[in-house]
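Both complexes shown next keep chain A, but they swap its partner, so chain B is in the first and chain C is in the second.
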Partner chain A sequence: MKNITEKPNIKAVLTIAAATLLGTNSLAHAESNTFETEPDEWKFDTAILYYSEADRVSAGEAIFNAQKTFDTEEILNLKLTIDTLTGASANGAVAQPTVQTFTRPSGNGQYQIAPAETPLDDTFRDTRVQLNAQWTQPIAPDYTASGGLHLSKEYDYLSLGINGNIAVDFDRKNSTFSAGFSYFKDTFSPEGGLPQAFSSMLIGDSNADSWDDDFSATRIGSEDDKTTVDILLGFTQVINRRMLMQFNYSYSTVDGYLTDPFKVLSVVNNNGEAQDYIYESRPDSRVKQSVFAQSLYHFDTTVLDVSYRYMWDDWKIKSHTIDSRFRIPLGDSFGKESYLQPHFRFYQQSAADFYQPFLIDNESIPAFASADYRIGEMTAYTVGLKYGMLVNNGHELSFRIEYYSQRPTDAGFDEIGVLKSVDLYPSVDAVIAQVTYSF
Partner chain B sequence: MASPCEVIIQTTDKALALIIGNRVTKEVWRIEDKYNRYNQDSLCTLINNNAGKPIAIDEETYQLLVFADQCYQLSDGLFDISSGVLRKVWRFQGRNEHYAKFPSQTSINTVLPYVGWHKIHFDRQQITLARGMEIDFGGIGKEYAVDRSIILAKQLTEQPVLVNLGGDLAVSGPRYNNETWQVAIEHPDVDSHINQNADMIISLKSGALATSGDAKRFLIKDNIRYGHILNAKTGWPIANAPRSITAVAPQCIQAGILATLALLQGSNAEQFLTEQEIKFWSRR
Partner chain C sequence: MMSTIKNIVLIASTLTVTSGCSSLGLGVEPWERDLLAKKEMLLNASPVDSALDDHIYFSKEASSGGKGFGGGGCGCN
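And then the complex of A and B:
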């Protein structure tokens, strides 16, 4: 008698046979699959995100994520992100009681800012395509390795990256230790080239014959790059059947061109009136470190997710982030297995040591200076709500809406003359809307 | 079905529960009336009574026969829906008669020629049994009815539903809040007062489970215990098989056939399921 156990794929044959018999022919849609994993199936996530700052930047983003788990537990993840950015961004100069004129970063044309308005450069228009590929596989019992490639391309920006990670499970998989690194090389080639640090913005008749030569005198080249090395150590611990904790430490060094070529500083006289606009200058290296702790707690039905991050760097920026989400299942009353998830995030950062909202004429120019509000002192918070449910065939559909408010604050700079009458630290409010569909 | 059957619906809508209950009952009776060989008006009886002649069949019957054929191929002939005639010589009774009813090899040999799926011809339109043969959907019919019931219930509602036909059962999905269904499997020694409370509780979120084997129907000869699962090739019960196997699978019909195929492996039953990575419970 031939032994039936020699046939290894009885389960698979029966799955097909049963599906044929019951008319649930498409196995991909077999609704109740109790076999432990679903090897060789692709899983897709798609999301559309819309971000809009009041009077400033709007961004649209489409994400397409495909993940395939092989029966030998390797996981291939491919992610394509496309975003478009349009609108206006603060150029770094301070508001004035008078009309101000600025030259566009490309050197092609000028724009004017009304009195008391924060100067915004409205030429931001870019499309970014980002590709990420990640391969994860078990390499030995309790050891998982992962490696990935990153490519991001914008009109004036190219970013290439690689990463690797290894994770070790121990204590019956109740604890996981992981170590990872990543390396990125970014090349920046803005239209109009890179400005000379602290050179004055050329303002005048851009149709004049001498304009192009004068403009290029403020430039140091057409492109530059920076490299980033990140090291991440992580530890995850299952505390009990309801609670999970995670701790991370990261060390990141960035070298190269870290200046924002689109940002300037106003040089004001003793009465606070702008005399000149000079291009900003930042150090060519930055070392960032952060510690992160996260806790997931599963109540009877709800799940609370709270995390805290402390980041510090050698630009003397320190930041605190508290992020929390609370998942509330709604049962089937508002869509199958629907849930609501409120989100609250609080962020607070101190200014970089070379941050200056403006420079004063006739005072000595420091080695580095930037008026970019993003490295100034600020407080920001996000409140949001996500609503998700299962639709046909167990696919998940979710909607997220969030309100983001960023409030730059005065880090102790004297406001002089006319600057007392304008808003030096305008806040930014934004709305984020996202729709996600997983199948 | 000769065993307790139930439909459990997690809902506050009484009318809906009634509709689903009625619809499932109707479907189960339809399958019972069509495929029960003891029912004189069933298609199964018609086929059996006309062995030797082609009998017209519909698509549903054709699909069931295709499934039975695949089980026959997969089990290398051990599982055979034409093996029912062997019951003419094997009588598995209650425990007081374990030793009484062993047939002689001679009497087994008289019915063996009427067993053999390969002697049956069927296509999409008709089936022809060799003279003296019978087929029996007992090994797959109940599980098929469970799966059909779940399909119908899911068409009517998104509320969680469990259909249980005498211990072979399936669920439409998890209960509210993604909670599992708690299913108790009766301990085989139901007559024994010692293990009365030893039912096993199984958590089920999706899919089905089915039990094959019958703790109370067996024979003992020369200290070997024979369950009521017969080897279609030898005409003898499988020796050293577990008393019963309960298997979990996405569909009830899969779970049932996996449990039966395992029993047909005798002492290797558990190994067979372990190698196929099937979740199961075995009782010996």
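And then the complex of A and C:
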């Protein structure tokens, strides 16, 4: 009994807090404790997620989402996201049969990589706070408009964004056409500054008097920015009583600093032995487009959700994504209105035209080059299972566990000399665990 | 540029075809929405899951967006 009386109080406190912050008039509802049945109420979704890669990055992420639907159908959504990341990330260099030494991105100190190991920089550590606010309201019969703000801040990164969307319903609300845009301005100020494209990583005695000057000579500045403009056109159609479909087209253009300042390429001799490590360089613009289709089908009791996305860009990356979920209700036998939801996702991408796993000494340096496996050829899949149920007062509790595996593949580069004996395309495996509570 | 124009024409024609959906007998009457009204029949039934997943895949793969905006937002990529 104790829990039943305490849980609504948490909601009441949060409702009062939100109402006070926003100056809205829902205070009476919160205090009356009758908000469970009120249409004019707040709904809260909270989740914590743990992400862990074998031997690489670990991340924790928490989301707190508050949504209020007003009597007059306006919807306010506020979301706070906090995440923290630690661990090791591939620096772009190839594995070698010998020990390798690299300088940390900050220029302060060095790290060594054992023979045959993929070079990972283990100094990644960041905390990010993100705030989103979205307002949605009817503006005329069958017309709905929405606008939102985005702010994300981490130690070395700031992202500010706005978005707008309009949706039109027709044919008894069986069809909906929507058009939206978003604009982001991101500022990146990495520790150690921005490296000069293709300059050699300075390696040596970081305590030497000349070190700071020599390191500075490889830098072009302390910060840079990029802007992203997205346009999204969507069409949703009710097919019949059991089936719904959505089709989207999106156009995204990114301009500015798109290079990863922490990534290098190995420059190897004709026997595949590293002679130098040079900082990568990417074009300063990218245009991405995608088409997306999703279908939901309600069988007698189960629901199938399948989507497909095809993306292509002017870096010559093409990708296919298939995502599917199947919701199986378990009735009340394993928790009230419980369900199981298996999840399967398949992803395949081709390499950017300037991706190469390494450069060869004495060959001319291309205009752009990156050895970042995330823009190389890759296949990935995710399998997961979600289990949810209703608890006190109709609150929803769910658990999700997923396994995510990335398999980088060879896009047809010759492996020379000693590189034949090392793994140039190591797999990355991760486990994702999540708990969600909605009230 | 030509491929972009071709794609826009393709999408516009798809939309024209689909907007003739009512004449194809697609759609339901308001009283037939019992199943469609369920939460699990929302196109984005679990926005929190989607937000968390989008962040993971945005930072680990070269693609983003499609279902919604793919924009910037973090220094993870």
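Note that the second predicted complex is superposed on the first by the 401 of 439 C-alpha atoms of A that agree within 3 Å, B and C clash if a C-alpha of one lies under 4 Å from a C-alpha of the other, contacts with A are read in each partner's own complex, and residues count from 1 in each chain.
What we mean here is this: contacts are C-beta pairs under 8 Å (C-beta built on N, C-alpha and C of every residue); 3 or more make two chains touch, one makes a residue touch a chain.
Fair warning: this is a prediction, and the values are worked out from it, not measured in the lab.
Engineer: Who touches more of chain A, chain B or chain C?
Structural biologist: On the superposition, C touches more of the residues of chain A.
Engineer: Once the shared chain is lined up, is A:337 touching chain B (first), chain C (second), both, or neither of them?
Structural biologist: first
Engineer: Figure out whether A:265 sits in contact with chain B (first) or chain C (second), or with both, or with neither.
Structural biologist: After superposition on chain A, A:265 lies in contact with neither partner.
Engineer: According to the stated criteria, A:113 is in contact with first (chain B), second (chain C), both, or neither; which is it?
Structural biologist: Neither chain B nor chain C is touched by A:113.
Engineer: For A:436, decide between first (touching chain B), second (touching chain C), both and neither.
Structural biologist: After superposing on A, A:436 lies in contact with chain C but is clear of chain B.
Engineer: With both complexes superposed on chain A, which partner does A:150 reach: first (chain B), second (chain C), both or neither?
Structural biologist: After superposition on chain A, A:150 lies in contact with chain C alone.
Engineer: A:424 in the overlay: touching chain B, chain C, both, or neither? Say first, second, both or neither.
Structural biologist: neither
Engineer: A:301 contacts which: chain B (first), chain C (second), both, neither?
Structural biologist: Only chain B is touched by A:301; chain C is not.
Engineer: Mind pulling up the chain B residues that touch chain A in the complex?
Structural biologist: Residue positions touching the partner: 63-64, 66-67, 70-71, 74-76, 78, 144, 147-148, 151, 154, 158-159, 170-173, 176-178, 204-208, 233, 248-251, 253-254, 257-258, 261, 264-265, 268, 271-272, 275-279.
Engineer: With touch defined as at the start, can you tell me which chain A residues reach chain B in the complex?
Structural biologist: The touching residues are 1-5, 7-8, 10-11, 13-15, 17-24, 30-36, 301, 329, 331-332, 336-337.
Engineer: Going by the contact rule at the top, pick out the chain A residues touching chain C in the complex.
Structural biologist: The contact residues of chain A facing chain C are 45, 47, 49, 51, 61, 63, 65, 79, 81, 83, 85, 126, 128, 130, 150, 152, 154, 156-157, 159, 161, 163, 170-175, 177, 180, 182, 184-186, 188, 226, 228, 230, 232-233, 235-242, 244, 246-250, 252, 254, 288-292, 294, 296, 298, 303, 305, 307, 309, 311, 313, 315, 317, 319, 321, 327, 347, 349, 352, 374-375, 378, 380, 386, 400, 404, 406, 428, 432, 434, 436.
Engineer: Please give the residue numbers of chain C that touch chain A in the complex, ascending.
Structural biologist: It is residues 4, 7, 11, 14-15, 18-19, 21-22, 26-30, 32-36, 38, 40-41, 43, 45-49, 51-52, 55-57, 60-77 of chain C that touch chain A.
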